[in-house]
Amino acid sequence: MSPGNLMNDNVRRVDIRDCSIGGPELTIMAGPCSIESREQIFKAAEVVAASGARFLRGGAFKVRTSPTAFQGLGWDGWKLLREAADAFGLLTVSEVLEEDQIEKAREYIDLAQIGSRNMQNTPLLKAFGRSGMPVLLKRGFGCTIDEWLHAAEYILREGNEDVLLCERGIRTFETATRFTLDVAAIPIAKARLGLPVVVDPSHAAGHVDWVECLTLSGVAGGGDGLLIETHPDPAAAKSDGKQAVLLSDFGALMEKAGRVAAAVGRTVPAPSMLAAVAR
Amino acid sequence: MSPGNLMNDNVRRVDIRDCSIGGPELTIMAGPCSIESREQIFKAAEVVAASGARFLRGGAFKVRTSPTAFQGLGWDGWKLLREAADAFGLLTVSEVLEEDQIEKAREYIDLAQIGSRNMQNTPLLKAFGRSGMPVLLKRGFGCTIDEWLHAAEYILREGNEDVLLCERGIRTFETATRFTLDVAAIPIAKARLGLPVVVDPSHAAGHVDWVECLTLSGVAGGGDGLLIETHPDPAAAKSDGKQAVLLSDFGALMEKAGRVAAAVGRTVPAPSMLAAVAR
Amino acid sequence: MSPGNLMNDNVRRVDIRDCSIGGPELTIMAGPCSIESREQIFKAAEVVAASGARFLRGGAFKVRTSPTAFQGLGWDGWKLLREAADAFGLLTVSEVLEEDQIEKAREYIDLAQIGSRNMQNTPLLKAFGRSGMPVLLKRGFGCTIDEWLHAAEYILREGNEDVLLCERGIRTFETATRFTLDVAAIPIAKARLGLPVVVDPSHAAGHVDWVECLTLSGVAGGGDGLLIETHPDPAAAKSDGKQAVLLSDFGALMEKAGRVAAAVGRTVPAPSMLAAVAR
Amino acid sequence: MSPGNLMNDNVRRVDIRDCSIGGPELTIMAGPCSIESREQIFKAAEVVAASGARFLRGGAFKVRTSPTAFQGLGWDGWKLLREAADAFGLLTVSEVLEEDQIEKAREYIDLAQIGSRNMQNTPLLKAFGRSGMPVLLKRGFGCTIDEWLHAAEYILREGNEDVLLCERGIRTFETATRFTLDVAAIPIAKARLGLPVVVDPSHAAGHVDWVECLTLSGVAGGGDGLLIETHPDPAAAKSDGKQAVLLSDFGALMEKAGRVAAAVGRTVPAPSMLAAVAR
């Protein structure tokens, strides 16, 4: 069972500031789908930091299916994200949509997400390759593991090795969930390309009721990190509220994730330690 | 997060002889894809019993895609399965293909599997409903969760409540694995119908390298049992050898599964206890 | 473009009574999803006969997803089907669910349909192989072309060569239609196994609005026949009413199909001739 | 059968130079996957013009899955495409990958293709909306019809109404073809958004043997145009050679398409007329 095992011996570590991804400690990334207000993002930052997260997530430039849906706060959103993250000792992760945004994004964003819908946008992949900015490459929901790894190679070949992969579910005939999390993709991607894999249970589930199941499965299946949507008031969220974990439930979810992580020889940061950092 | 959580409060327990499925203890079912010889099935029985399994699996009447593939040993296979299981204190699970086999099957089989390809064979479902024989209903690989639960209702409505569901992966565009394990189907099926769900990581993976990932994910995701293919010499197996865990690796896999089970508040039978039973 | 072309040189003709399938003339099979009453099936028979159909279809033993849905009239339904067909010079096609029904079915049914959900029910396939009864083998909606052809081989290997294939759509992520018609499967199946392929646009479409598109595509793509659901009053149908073509629209649809057939070097029976047969 | 019929009464016509798309005459777009040399593209232009094509297709900036695959001739390719098209009275269609290319592209390209992998690249969609350049929007292979139409709305809402849709197959579990052509998407897209739909049988088929089937199905199913890959020497093609129709077979394919078009009340341009234009 050697090449596909869940050990990370052959996985490259990606270091972003003081955070090392791909080692024994899982990297938790959490926050709202969209940054909506100062109050919302600060509240999220406080809670996720206290529960062990290292990254604050939040979208400012949204790729929405419909042009009439909320498109995000833009640069103002990123400023709020940076401030909230700094206030609680967090790093930031957010989707960058265009090559023209990359340079300015570095001021606000520590880890740039390439979204599922942009996974095969090769000019953007190459631009990130040249920029050297750390990248979280989400799997296209209609793309095979091989296509995902080829997309990563577009970045790597330009000399940027700070690439994290993110499994977020693929599109199947099943409609009870929004997408189907492809858990086996975690060890397969690691075995083939040797990059850390972060798991996004929120987009796969599409409904909060199934986020716990997919979170724990992703940890047990070898995920090197988690990217989770959480919101102080999901019913009022401007995007993807149905899949957001209530902030007040987030700590309990992380405790469970921590227990599963320990069962597979991994750790999550101790909440108390991070709470200390945050003050 | 209440209706879809991973607690089993609303899940009906199914008792088969002295084994209670759907409670805190996971039920391990393991053995070869096909029963091939006395030596093979006894060897499998010995090892899986010593590693915590309660059921010995093995196919005697195989539904093979091609008519020229090995079709199983038939009734002779079931006799061997029964003998091997009895010798090591195990129960038996095997696929029953036809209504005409059911009565005679009860002599050899404690839990009848309805295969993925027969999930919507309604005359067979009804016949099992009338028979009262405990049934493991595999999800059709092209079927939605709702269709799977409707199939279970065909059995339940005839008065047979001893029904276990089995998630074994669905067909998607991804070809790196044979099927894609739909982990979220575990809590969804439980929440909707209240039956225990057994996870089959072997058919989903299609290759031994990814079985560990899917096994642990299935346990973390709330599976009430595991159905795993294992073989003393996978390279020589007459069917599905590529996905079979080497018998000598099975114990280590169960140890890992046990640790993840403990992390989500479940247990697996202690190997030593079962070894004692077997003697 | 030779092996996969739309010519039928290498396709075996299947002769059922005076009807030859797989030659230049398309074979039209039409009627309601379920036989519901004498009036309904006679009305359907009259209209489809007058529009060029050679087979009257109608289900008497239904495989419904849910056990509480209408399950068909059973043997009484088949008697009505036979009577209605005989009255208008038609042959009959209907789904046979179980081996035990086969012998008696021959009295009523000229062409036995093996349904999509039974495509891999190998005992049933073999029983049809032994029976020698002409079979229409529907493709499993979750099955590959290769699996479909292997299923056909289970019948052929028992010595029954009167096998027609039926492409009826596969399950995909698209929900605007009930299934996705796999038009390319027509020439691929012919090239690989040399059996005639009948197209079922009704189940693929799932809604009458798209049946015309799929009917004409199926003819243009090389279909050797059509299997179409039509009903005198779709809104009142006990099953699948949404996808049934209104009987009064059926003639116009067949005219269009006839024009496309002519464009690809095929014919459909002249309506006037059949109207004569029917009287 | 009214809302989804195959009539084009509610479909907006898109006029590009002297070519009107969406009316009774089908618009044929053909040429190689990639522009490789002057000789190759001129040869292709000559043959497709003589067979009724109005657009010469050819890629210069390729989105290839792998970064090591041929990436196209770039601007030199577009110059060759323009010259070849002008020499034979053709318009040009080619994929534009980035917003920065749009203005300069207008010199060479009459119809800009947004590729399947860019269908949800919203900054690119909006840029095309602002540019007013005619656009052929390919359906993302993992995207629903609704998502495709929403993508079109991103362009339309910026004031650009010259949008053509292109159905090119979706990703399914079937591997006998590269993708599965979703024929029903043609009338559904027309009924919902009222834009013309062009069919690409080449990418769906993935192999030349099945291109004829999908071409004729697309015409019968209501396609307003065809986008077909053809190459003077497919075995030597630098990309997608397996699915390219041999140039010397292209005329015969168009003759067949013309017969099916006539059967559904449409026309294709007479070859002789175009041959005259070309000289």
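Letters A, B, C and D mark the chains in the order given here, with residues in each chain numbered from 1 onward.
The rule is simple: a residue touches a chain if its C-beta (ideal position, glycine included) is under 8 Å from a C-beta of that chain, and two chains touch if they have at least 3 such contacts.
Just so you know, these numbers come straight off a predicted model, no measurement behind them.
A.B. asks: Do the two copies chain C and chain D share over half of their interface residue numbers, or under half; same or different?
C.D. replies: Looking at both copies, the contact residues mostly coincide.
A.B. asks: Let me check something: if the centre of a chain is the mean of its CA atoms, which chain is farthest from chain C?
C.D. replies: Measuring from the centre of chain C, the most distant chain centre belongs to A.
A.B. asks: Report the inter-chain centroid distance for chain A and chain D in whole angstrom, where each centroid is the mean of the CA atoms.
C.D. replies: Taking the average C-alpha coordinate of chain A and of chain D, the gap between them is 36 Å.
A.B. asks: Roughly how far is chain A from chain B, centre to centre by C-alpha average, rounded to an integer in Å?
C.D. replies: Going by mean C-alpha positions, chain A sits 34 Å from chain B.
A.B. asks: For chain D, jot down the residues that touch at least 2 other chains.
C.D. replies: Residue numbers touching two or more other chains: 142, 146, 171-173, 175.
A.B. asks: Any idea which chain D residues touch chain C in the complex?
C.D. replies: 1, 3-6, 142, 144-146, 170, 172-177, 180-188, 191, 204-205, 207-214, 216-222, 245-246, 249, 256, 259-260, 262-264
A.B. asks: With touch defined as at the start, can you tell me which chain A residues reach chain C in the complex?
C.D. replies: For this pair, the touching residues of chain A are 171-173, 175.
A.B. asks: What residues on chain C touch chain B, complex-wise?
C.D. replies: Residues 63-68, 97-99, 117-123, 140-143, 146-147, 150, 153-154, 157, 171 of chain C touch chain B in their complex.
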